[in-house]
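Please see the structure below; I have some questions.
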Amino acid sequence: MTSSITVARVKQKRIAELISHGKRLDERGLNDFREVQLEVGVIERAEGSARVRLGKTEVMVGIKIEIGEPFSDVPNQGVLTVNAELVPLASPKFEPGPPNENAIELARVVDRGIRESKAISTEKLCIIPGKKVFIVFVDLWVLNHDGNLIDASAMAALAALLNTKIFNYEIKDDEIKIKPGYTQLPIVDHPIAVTFAKIDDNFVVDPWLVEEQVMDARFTITIDKDGKICALQKGGYGYFSMEKILEAAKIAQQKAEELRKIVVKG
Amino acid sequence: MRKTHEKLINENSTRLDGRKSNQLRPIKIEVGTLSNADGSAYIEQGKNKILAAVYGPKELHPKHRALPDRALLICRYHMAPFSVQERKSPAPSRREIEISKVIREALEPSVFVEYYPRTSIDIFIEVLQADGGTRCSGITVASLALADAGIPMHDLVSACAAGKVDGQLVLDLNDIEDKEGEADLPLALMPNLNAITLIQMDGDLSINEFEQTLNLAKEGCKQIHALQKDALKAKYAAVKEVVEEK
Amino acid sequence: MTSSITVARVKQKRIAELISHGKRLDERGLNDFREVQLEVGVIERAEGSARVRLGKTEVMVGIKIEIGEPFSDVPNQGVLTVNAELVPLASPKFEPGPPNENAIELARVVDRGIRESKAISTEKLCIIPGKKVFIVFVDLWVLNHDGNLIDASAMAALAALLNTKIFNYEIKDDEIKIKPGYTQLPIVDHPIAVTFAKIDDNFVVDPWLVEEQVMDARFTITIDKDGKICALQKGGYGYFSMEKILEAAKIAQQKAEELRKIVVKG
Amino acid sequence: MRKTHEKLINENSTRLDGRKSNQLRPIKIEVGTLSNADGSAYIEQGKNKILAAVYGPKELHPKHRALPDRALLICRYHMAPFSVQERKSPAPSRREIEISKVIREALEPSVFVEYYPRTSIDIFIEVLQADGGTRCSGITVASLALADAGIPMHDLVSACAAGKVDGQLVLDLNDIEDKEGEADLPLALMPNLNAITLIQMDGDLSINEFEQTLNLAKEGCKQIHALQKDALKAKYAAVKEVVEEK
Amino acid sequence: MRKTHEKLINENSTRLDGRKSNQLRPIKIEVGTLSNADGSAYIEQGKNKILAAVYGPKELHPKHRALPDRALLICRYHMAPFSVQERKSPAPSRREIEISKVIREALEPSVFVEYYPRTSIDIFIEVLQADGGTRCSGITVASLALADAGIPMHDLVSACAAGKVDGQLVLDLNDIEDKEGEADLPLALMPNLNAITLIQMDGDLSINEFEQTLNLAKEGCKQIHALQKDALKAKYAAVKEVVEEK
Amino acid sequence: MTSSITVARVKQKRIAELISHGKRLDERGLNDFREVQLEVGVIERAEGSARVRLGKTEVMVGIKIEIGEPFSDVPNQGVLTVNAELVPLASPKFEPGPPNENAIELARVVDRGIRESKAISTEKLCIIPGKKVFIVFVDLWVLNHDGNLIDASAMAALAALLNTKIFNYEIKDDEIKIKPGYTQLPIVDHPIAVTFAKIDDNFVVDPWLVEEQVMDARFTITIDKDGKICALQKGGYGYFSMEKILEAAKIAQQKAEELRKIVVKG
C-alpha cells in the first residue's frame, strides 16, 4: 500500500471521528452551509449572469439567449440547454478537453432541477410555433473547486436566470424584428439543490473539498418553492439506508428555504 | 411533453399495458448468454431488451490508471441506434455518459474490489431495445453478469423504478409513463443489506409521496432480486447437467 | 521471441496440417459453414431487424427508416447507409470508441454487397424528387465475435432488410403525411457473402476465430441471386494465386445458394 | 466589416468611449484571486474581464513530453461561451489555439525555465468577458499569476495594443475600434529589458506609421507595467497584514 | 448514378479518352521526389497525381504497439481537398480508412518485415488529383517509395484495375468509367511471384467474365511492373551520374 | 544533460558564429532567399492551383470555389477560408491527425496576409446578397518541410489565387444556373510574406530547417503591393529589440518586391 493511501485513510478516520461527535474540520455544524456570496449581472455581454461563492468554491454562470428551432414533440416551447465546464484553472485535478463524466453529471443535475421544477415558462419562449423559439443556454463555469459544485452551480444558475432579460421583438411577414427594450425571462419556480456527504454512517450538508475526498457517497436533493422534491441524485461508491435518505429530505427542505432567500433576493 | 394519451391509468386502476399500480412488467432473464465474455446475462423487462457482459478482473492499460488498493470498475451503458423510435447516433450521448457513471457507482458497492488491486473489471451494457427504465434493467442484468463472471460480491444489486402517473404511485414505469407521468424514481438496492446504491428522481413529489414511492421501488427491487436468484440457479443447473452428461 | 509467439506458431502449424488433410479443429469439412440460426423481427422499435448466429458468432441488425435529402447526383433515389459497431461486449479485443478500420471495412463490405447487387429498389424510396427520400440505416451490431463477421453480418443485414416495413404516407401541399399501415421495403436481390481463409496454401470456408487468428489472408466473394459476383474483398497480410481465387469463386456460388435458402425463407 | 458607426473618433479627438488617442482603458487588477491555483490574478481592462491561474512547476504526464533541460510551458487561452455577443462553443476554436501559442511564446522569455527541468508550468487564461485586446490583457494578467506562483522571472511581461482608427494612431483598442479600425498591433514587452516578446499586426500601416504605432504600444506597456507592480505590492501588503495580525 | 454520357465506348471500340479496351492510361513515374522522406516516389496515371513517402524502419511510439518478431507497417492513404470535383474535408473519410487498410495489406506481403522487429515502417500516400483507380496508382507508387527507402522486398507490387464498361472488358478505368461502368476490379500483384496481394470488386460479373477481367488486370500489372523498374533504374542512373560528377 | 542537447548547442553556436560573420551554412547572404520555383495550374480538378519550391521546401496550394452562405455581418461579401495540413509525408516531425497549433498558425498567418491586404475583391463574390456567395477554399498542402513554410505557403497561395477561375452563372427565379465559360477570380493586391529568424542577435531572411532548429524566434512581415505592412507575426521563444524590428521591416519591403515579381508574373 502506498503511503498516500495511508495518509488518506488517517485523514478519513479523523474527519469521520469529528463528525461522529457532531463537529467538522472547518468548525461548521453538520447541517451548516458555508457562507454564500452572490453577485449578479457581472457579465454585461450575457443576457444574464451570476457569480456565486460558497466558501472558497466559486462558480460563474452566464446565460445566452438565441433564436432556434423547437424540438418536434414540443413545437411551442423554448429550449433549455445546460452545459458545465470544469476548466483547469479551477483545480489541479481538472484537465482541458471536452466535458468528462463529472462535468456532464453536474450539468445534468442542475438541468434537471430547473426542468423538473418547471422554473422557466418555456411556452412563453415560443416565437413562431414549430419554427422559432428562444433557446436558453446556461453555461456553468467553475472557477475554483473547493467542494459541492452542484449546490453552488444550481444557485448560480437560478440567480443568473432571475437576472436574465430577453430583447423585445415583433413578427412581420414571418420575420423576427428586434425592437427596443428588454423583457425579464419568465421564471416561475426557484429550485434549490442541497447536497449531503456520507462519511462513515453520518451525513453532513454542503461538503467542502476535504470532506468530498473522504466521503463514501453524496446525495443531492433539489427542492422547489413549494417544498416538494423535484430531483434527486446519488453519486460516489457508497450506499445509503432508507432512513438516512428520508432524514436528509427533511433537512434539505429546511436548508433550501434558507438558501432560496439569499438567491432570490440576490 | 405533448400528451399522447388522455389517461395513463383507467377507471379500473389499470395501466395502459394492463398492469396494476404495484405490478412489475413481465421479466425474462438469462445468465451466460455470450461465449466470449467472462460473465454475461440478458434481460427482457417489458419491451426492454438488454445484454450485459463482464470482462475481468484483468490487467489495466494504461497502467497509471490502475489503483494500488482495489480494482477499477469500468462501465459503459450504450444504446443501439435501432433501440429507440428515432435512430440514435452510435456515439455516446451525454445521457449515456451520465448513466454509465451512476450504474458504475450503483454496482461498485456490491463488489469486493479490494480483492483485485491494480486490475480492472469492465462492464458493458448494450440496450438493444429501450422502453423506459433501462438504467434499472441495466443494473439488474449487469449484476448478474458480474456474478456469472465469478466475481465475489456482498449481494446482487437489484434495481427498479417507482413513480407517479396520473396522480397515482406506480411501480416499474414504462417509456410512456416515464415521459408523460409526474415523477420517476429509479432505485438500486442490495436487498440483503438494505443498502441503496442508486437513487435518482425526476419530477415532483411531496416528502410523503417520496417515502411511499421509495417503499414501492424497494418492494420492486426485492421481487427482482428473487428473479435474479432464479436465473442464476437455472444457469448452474444447466451447467451441472452439461457437466454430468459428459 | 516471446513464448506467446511460439504458441501461436505451434497452433498455426497444427491447424494447417489438419487442413492439409482435409480436416478442421471443429470437425467441419473445408467447405462447410457452421450452423446458421436466424431470428427476424426481434426489435419491435426498429422498422426491420434480424439476429443471426453463425456457430457462436452472433450479429444483430436493426433497420431504421428516416426521411432525408437525396444525394444531388441521384435526386430520385433513396439512400442506403451501413454502419457497424464492434461493441466491446462482443470480444476482449474490441474497445469502446468510434469505429476502427475493422468495423469500417466490415460495414463497407456489407454495404457493397447490397449496393452492387442493387438489392434495394432505391428509386422506389423517392418521396419528392430532389427533396425528400427515405434513408435506410442498416446498423450491424456484433454481439459475440467467434470469427467470420462478414458473412454473418451480410446474412443478418439481408434478413433484416427482408423484414423491413415502411409506414405509408401521402403528399399534401409538399408536406408528407403519415397514413395508417405499412409497406414492405422493396428488396429485389439477395446478395450472400462467402468468406474463405487461406491457411498455408489451402482455403477453408467460414473461418471461426481460431482459424482467423492463424490465417494468412481472407477472401470474401459476394454472390447475387443470379449466381453472379457483385463484390470481392481481400483482407489480411497474405497473398493468393490466380487459381485459388477462381476455385473459390466456384465454391462461393454453390455455398451462396445454400445460405440464401436459409436467409430468404427466414 | 459593415460600419456600425460613422466616426470612431469625433472632432474633439475623443473616442467613442470618451478616451483620448493615447489613453488606456480603465484597468483594475487583483493578484491571488483563486485559492486552488499556485498563482492567480484577475484583470478588468475596459469591459475585458479575465482570470489567469498558474499551476506548477509540477511533474509532467506523459513523461516523454518532458524536456531534459528546462520546464515545459503549457498555455491555454480560453473564452467562456457568454464572454461574447454570440454564444461561443466551449470547444477551442482555431483562433484560441493560435492565441494560446503566441501567449505562451510571449511569456516564456520571461521565465527562468532552465531552473525546473522535466517539469511543466501550466498557465490557464479564462476570458469571462471580451471587448477587444484580450490577448494583451491575458498576457498582462498571466504574467502576474506567474509572479504570484513564485516563479522566478527576468521581468514581468506587459502587453498592450496600439493601432490606427479613423486615420489616427490610438492606444489600447476596444472591440469596435479593433473590428472597424484600420490596424491593430498587439505588443508584449519586458519593459526593464526593452525586449519584445509578442508582436502581431492586422491591417495596413506604412513603415512610418508602423514605427509610431510601435512606440505608442510600448508606452502603453510601460504604463501597464506600473499597474502590474502596484497590484503585486497590494497583494504582498495584504498578505503581510494578515500574517502580522496572526 | 445518373449517366452523363450515352456511350462510354464508341462504335470504333474507342473509349472516351481515346484508349483501346486493353490500354493503360499514360503513366509518368519519378522516384526520389522528396528530400525529407527515407524513400519517395510520384506517379501520374492519366489525371491521377499521387505522391508517396516512406519513413523507416524506425522506432515505434507508443512502444506497446511494437511487434516482437517483425516491423509494423503503417499506411495512410489521404486525399487533398482539391483533388476531387467537390472539395473533400481533410479529415479521413471511411473510404480513406478502408483504402489505407487494403493498401497496407497489399504491400505487406512484399516486405521482409521480419528483418526489422520492434520497428515501424510508415507509408504515406497523398492523392493530389484523383481520376479513378487511385488505390492502384497509390500501391504502385508506394511500392517504389519502399524500394527507394532501401527496404528489402520479395518483389515490387504492381497494381491495376480492370472492369466492365458498356458491356466490354476494359483495362485501367478512369473516374467516369468506374462510376458509370458495370464493374471495377482493382488488383495488386507481385508479378515475379504471381502473388495477388489485393483484390476487390464492385459491380456485376459472371464467373467467366470474372476470370477474363482478372487476366486483363494481371496483364496491366505486368506492364506497370516494367514501368516501375524503368523508373527505379532512371533514379539510380541519375544518382550514379551525380556521384561520378563529384 | 543528454548528448543530443549538447550536439544541438554546438550546432547552434557554429551557425550563430557564421552568421555573426555575415555567412550562412548554405552559403547564402543573410538577406538572400533560396531559389523560388513556381508552377501554376498543376491541379486541373481545382479552380486554381500552384506548387512552390523554396529551396527544398515544397508547398502545393489548391483553390476550390463553392457556393454557400455569407456571414450575417457582411451579407454581400464572399467568404475566404484558409486551411493548412502538415501531412506526415513532408517531415519526420509531422504526425497524422487534425491540424495542430503549428498548422493552425500557418493557415492563419497566410489568411491574414490575404485578408488584411484585401487581395480578393470579396464584394464581387456575392451572388445573391445575404443568401448566396462564393466561398474560396485555400488549402495549403505542405509536401516537403525544409524551413520557412510561411513564406513558401503565402507565395503558393497568392499564385494559386491568381490562377483561379470561377464558372460563369446567371440567376433565374432565385436559382443559380451555371453558364459556359469562366471568369478570373478578382485579385487586386499581392501580399508577400517575408520571414526572419533571430539567431543570437542577428536576423537572417528565409531560414531553412537547420536554422529554424537553432533560432531563438522568428518574425514574419507581410507587405502589400504598395509597400505597406498588412500583417505581422512573431513566433518562437525568443524576443526582439525595437531596432531590429524596424530594420527588418525595411528589408522586408525590398525582399517582398523581388519575390512579388516572381509570383505575379508566374
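Order of writing sets the chain letters: A, B, C, D, E and F. Residues in each chain are counted from 1.
Methods note: a residue touches a chain if its C-beta (ideal position, glycine included) is under 8 Å from a C-beta of that chain, and two chains touch if they have at least 3 such contacts.
In this text the structure is predicted, and so the values were computed from the model without any measurement.
Engineer: What's the overlap between the neighbours of subunit A and those of subunit E?
Structural biologist: Touching subunit A and subunit E alike: no chains returned.
Engineer: If I average the CA coordinates per chain, which chain comes out farthest from subunit D?
Structural biologist: Of all chains, C has its centre farthest from that of subunit D.
Engineer: Please indicate which chain is farthest from subunit A, where distance is taken between mean Cα coordinates of the chains.
Structural biologist: When every chain centre is compared against subunit A, the largest gap points to E.
Engineer: Rounded to a whole Å, what is the gap between the Cα centroids of subunit C and subunit F?
Structural biologist: Here subunit C and subunit F have centroids separated by 48 Å.
Engineer: Could you please state the distance in Å, as a whole number, between where the Cα atoms of subunit C are centred and where those of subunit D are centred?
Structural biologist: Their C-alpha centroids are separated by 58 Å.
Engineer: Averaged over CA atoms, how far is the centre of subunit E from the centre of subunit F? Could you give it in whole Å?
Structural biologist: 32
Engineer: At which residue positions does subunit E touch at least two other chains?
Structural biologist: Within subunit E, no residue contacts more than one other chain.
Engineer: Which positions in subunit F are in touch with at least two other chains?
Structural biologist: Counting only residues that touch two or more other chains, subunit F contributes none.
Engineer: Which of line, ring, star, complete or other matches the graph of chains that touch?
Structural biologist: ring
Engineer: Going round the ring from subunit A toward subunit B, what is the chain order?
Structural biologist: Ring order, starting at subunit A and heading to subunit B first: A, B, C, E, F, D.
Engineer: Spell out the residues on subunit B that touch subunit A in their complex, using ranges where they run on.
Structural biologist: Residues 1-2, 68-69, 94-95, 97-98, 100-102, 105-106, 108-109, 185, 190, 193-207, 210-211, 214-215, 218.
Engineer: Using the touch definition from the top, list the residues of subunit D that touch subunit A in their complex.
Structural biologist: Residues 34-37, 40, 47, 49, 51-53, 55, 58, 76, 78, 80-87, 90-92, 122, 124-126, 128-131.
Engineer: Under the stated contact criterion, what part of subunit A meets subunit D in this complex?
Structural biologist: Listed in rising order, the residues of subunit A that touch subunit D are 42-46, 49, 56, 58, 60, 62-64, 66, 83, 85, 87-92, 96, 98, 137, 139, 141, 143-146.
Engineer: Quick check on the complex: what are the subunit F residues that touch subunit D?
Structural biologist: Interface residues on the subunit F side: 1-2, 5, 73-74, 99, 101, 104-105, 107-108, 112, 115-117, 217, 219, 224, 227-242, 245-246, 249-250, 253.
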